[in-house]
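Chain IDs A, B and C follow the sequence of writing; residue 1 opens each chain.
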Amino acid sequence: MNESIVQVRNVVKHYRKGREAVEVLHGLSLEIAAGDFCALMGPSGSGKTTLLNLIGGLDQPTSGEIEVNGERIDQLDSRALSRWRSQRVGFIFQFYNLMPVLTAQRNVELPLLLKKMSARERRERALTALEIVGLKDRAKHLPRELSGGQEQRVAIARAIVSDPDLLLADEPTGDLDRDTANEILDLLGTLNTRHGKTILMVTHDPVAAERARRTVHLDKGSILEAA
Amino acid sequence: MGGMLHLVIRNLTRKKLRTFFTVASIIIAFILFALLGGLNRAFTAGVELAGADRLVTQHKVSFIQPIPVAYVSRVQSMDGVRAAAHYTWFGAYFQDPRQQFGLFPTELELLDDIYPEYEIPPEQHERLLATRTGLLVGEAMAAQYGWEVGDRVPIFSTIYPRIDGSYSWEFEIAAIFTGTGNTADEMQAFMHYEYFNEARQFGQDTVGWIVTRVEDPDRAEDIAEKIDARFANSPTETKTSTEAGWMAGFAAQFGNIGLIVRLVLACVFFTLLLISGNTMAQAVRERTGELAVMKTIGFSDGRVVLLVLAESLTVAVIGGVIGLLLGTLFVYGAASALAQFFPGLAMSAGTLGWGLALAVALGLVTGGPPAWRAARLRVVDALGRR
Amino acid sequence: MEQILAITWQNLKSIPGRLGTSMVAVVGVAGVVAVLVAVLSMARGFESTMESGTSPDNVVVLRSGSSSELDSGFDGEQTRLITQSSYLETASPEVYVIVDLAKKSTGTDANVPMRGVGPDGPSVRTGFEIIEGRVFSPGRKELVVGVGAAGQFVGLEVGNTLEFGTERWDVVGIFETGGAADSELWTDAPVLQGAYRRGNSYSVVYGKLNSVADFAAFKDELTTNPQLSVRVEREADYFAEQSEALSTFISVVGYGIALLMALGALFGALNTMYTAVSDRAREIATLRAIGFAPGAVVASVMVEAMLLALIGGILGAGISWLLFNGFTVSTLSFTSFTQVVFAFAVTPDLLVQGLVIALAIGLVGGIAPAIRAARVPIVAGLRE
């Protein structure tokens, strides 16, 4: 395909549990090409969420290198990582995505508060993002007035509003029923094919994984050779 | 910036009742702060009014002992003295013997030299000097009793009977003066010493105390010592202090009012701190997930701290400002009702300034620990916590 | 009833999980009660000092129109007419002046009453007792000092000599009456008259009637005498009047502050209870789904609120009692312009008042949340 946008090289990750260190990732290496839609699958405890967090700059590897779009994010400090995330990555989670006190539009505007932009510009960009996910008419609604699927779509709009290269999704359909899940997956697919967004999605749902272009399997902290 | 403010406000209105109760208890605390500040000032009003260049000389043994009127001319002739005049406590009341007020026999011609801050319209001043039974009354007192220039009023003395045995003295309201705006000095009246001395039954040619105006305030303490030295070892020894010191000593007789006020306030604020601090901590704890999401979006630890502090500051400052305003209103209401007993009851800029500073401090202290915890929040832990 | 107990018990067991918010309510109420009891005990102590040590057959005679002993006065002849009344068993004509002494607490001077008493002065005061040293000798510049004054002002130890102007006075003893006189310095009346050039005049006459019922007749006798212009009061009435202004002031300020604080504590309690209720929305809904009556839910929330408040009240009352009971202070009496020494008196009825306020706060703070808890639809509550 295209050049790789994400390069994970020999990454090891330890967690401290009291006195002991538990090794969650064992010298893992992975490459994701620009424009790819990749699903990360594996049983619980396999380290897939950990890997996602590391690629998203939410955590640092114990050893190894992570390069995203040419930048070595394992060398950035916490402040730099915050800035990097605001420009380069969009996150979508299973729960707790939206601020319950803000309208859909304001929720989508949130990442834009970190950039220099007039209020009008912010509003326009947010509405554009909402239009892409098909919820422009719900812009003034609060999260509690939206269905689960609609909330997730707003979350996706927020994830793309600052035009990042990479979208990271952690079980985005985990809390949704079949039909709604399909809608969300359709949306993610559109973002990938029509808007060229690179997507890395952690999931345990094989139906969801099928929507991706490729699947990477993890078990006990290592990548299984593809099947 | 506007966006952040919007977020802060929306967070605060998340649980409207809770925010309301917290703000309400802060308002209460600051009303108390304002009230007690006003009260403290009432007791110390005299100190503020005191002139830096004035001294008070009284009998050394006690304030109620009279001193010879002859002492005044001896003080007047001393080096560094600009003017000196005598005053006496008349023990006056108008109709209710339990509401005594300050009426002072003195040489009215010299009043202006000692208290230049009192302003009297010239025609009234002339009339005052020409009328033997003339009375000079402060504007606040005239308003209180409904007196106008030209009225004839009988005033009783609880101490001094006239030669004919009666305690009732006749006066004509000859002039009304305005003071510095602090009602304490306008709740006073002055009469001609001559009238007093000639008609009094006992104590002729004695006075209560002497007020001296010095030329150089820096030499005030020095001259005070010289005055007392002049009369030492005589049958009537004196004790001279600066007017401010004299007033402060008087206020101190009530006991350490300042200390009591501060203790009560400390108790109130401590309780308040607990209430708001706990609420704040609670509010932040509930939002751990949201704060984690904000960090994933790219909000730095520092920004999250600012967000939390902004919330606690907003609550504290809004509550503080409203409380101070309400308290000031109450103080002014009470001041007019209690003008008799506490002429000095008023709000001072100092109290308001301190109040505001305290509100900000409250916001910072209650927001501090939760903000710190929010800063240290590890996203991966928070999101993993389900 | 058992329902209420059951729910309440469950509520209480869950408090340790909500310790923070619960403590808020407790501390808030404790603060209110502590301040209220402390300030009122100040007023109470002052009143009781002024009024104790008085006897129903004692009288005080002052010049008519005077507000206190300070501005009252009789000449020698008038005094004789008063003391010679047949209704009086004993009489003590007295001279009342003020002297300046330094207060131990502030270091600055304060007006202290000095009284020259007649030979019967001590016996007219019920409960007069010399607790250290001896009484002054007639004709000499000697002082006995009230126990209250001795504690508050500098230099009043037995054996000390005080200098007032050019006069020197020896402190020879300390006395106690249990009443207002304990704030005073006493000496022989003629000596004081001489030192203050009062000639033969007196300020006041204290007397003991032959019998309590003689008061009216005694008062008549004096007030109808054309040579006298006097005020005759029972001792207790006189002191009550003297203390009225200051004790009213303290009470008003005290209640005022406490009321405001109570409001603040109320808000704290409301916060606590609303949180308690919303935290356990699911539990409460479950109980109601099982079949517990809404009334029981309401009652249990109320009980919890009032219990927390009661704990706070006991805490606050206890703190005040420990810290303040018996604490002596002195301040300026508005009427006599002199220092009065008194002790804070944390009386049982004040403690009760404190607890009542605590319960009231708990009651008001619990009602609204309790009703809200009972009214949330069961289905909504289960979903929490």
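In this text, contacts are C-beta pairs under 8 Å (C-beta built on N, C-alpha and C of every residue); 3 or more make two chains touch, one makes a residue touch a chain.
This structure is a prediction, so every number in the text was calculated from the model and none was measured.
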item: Leading chain pair when contacts are tallied as C-beta pairs; value: B-C
item: Farthest chain relative to chain B (centres taken as mean CA coordinates); value: A
item: For chain B paired with chain C, centre-to-centre distance based on mean C-alpha positions, whole Å; value: 26
item: Inter-chain centre distance, chain A versus chain B - centres from mean C-alpha coordinates, in Å; value: 64
item: Distance between the centres, which are taken as Cα means, of chain C and chain A, whole angstrom; value: 70
item: Residue list for chain A, restricted to those that touch at least two other chains; value: none
item: In the complex, chain C residues that touch chain B; value: 20-21, 23-24, 27-28, 31, 34-35, 65-67, 70-71, 97-100, 103, 105-106, 108-111, 164-167, 196, 245, 249, 253, 256-257, 260-261, 263-265, 267-268, 270-271, 274-275, 329-332, 334-335, 337, 339
item: Chain B-touching residues of chain A, taken from the complex the two chains share; value: 49-50, 53, 56, 58-59, 78-79, 82-87, 91, 93, 95-97, 99-102, 106, 109-114, 119, 122, 158, 170
item: Residues of chain B touching chain C in the complex; value: 17-18, 21-22, 24-25, 28-29, 31-32, 35-36, 39, 59-65, 91, 97-98, 100, 156, 158-159, 167, 233, 235-237, 239, 248-249, 252-256, 264, 267-268, 270-272, 274-275, 278-279, 281-282, 341
item: Of all residues in chain B, those that touch chain A in their complex; value: 2-4, 6-7, 10-11, 13-14, 289-290, 292-303, 379-380, 383-384, 386
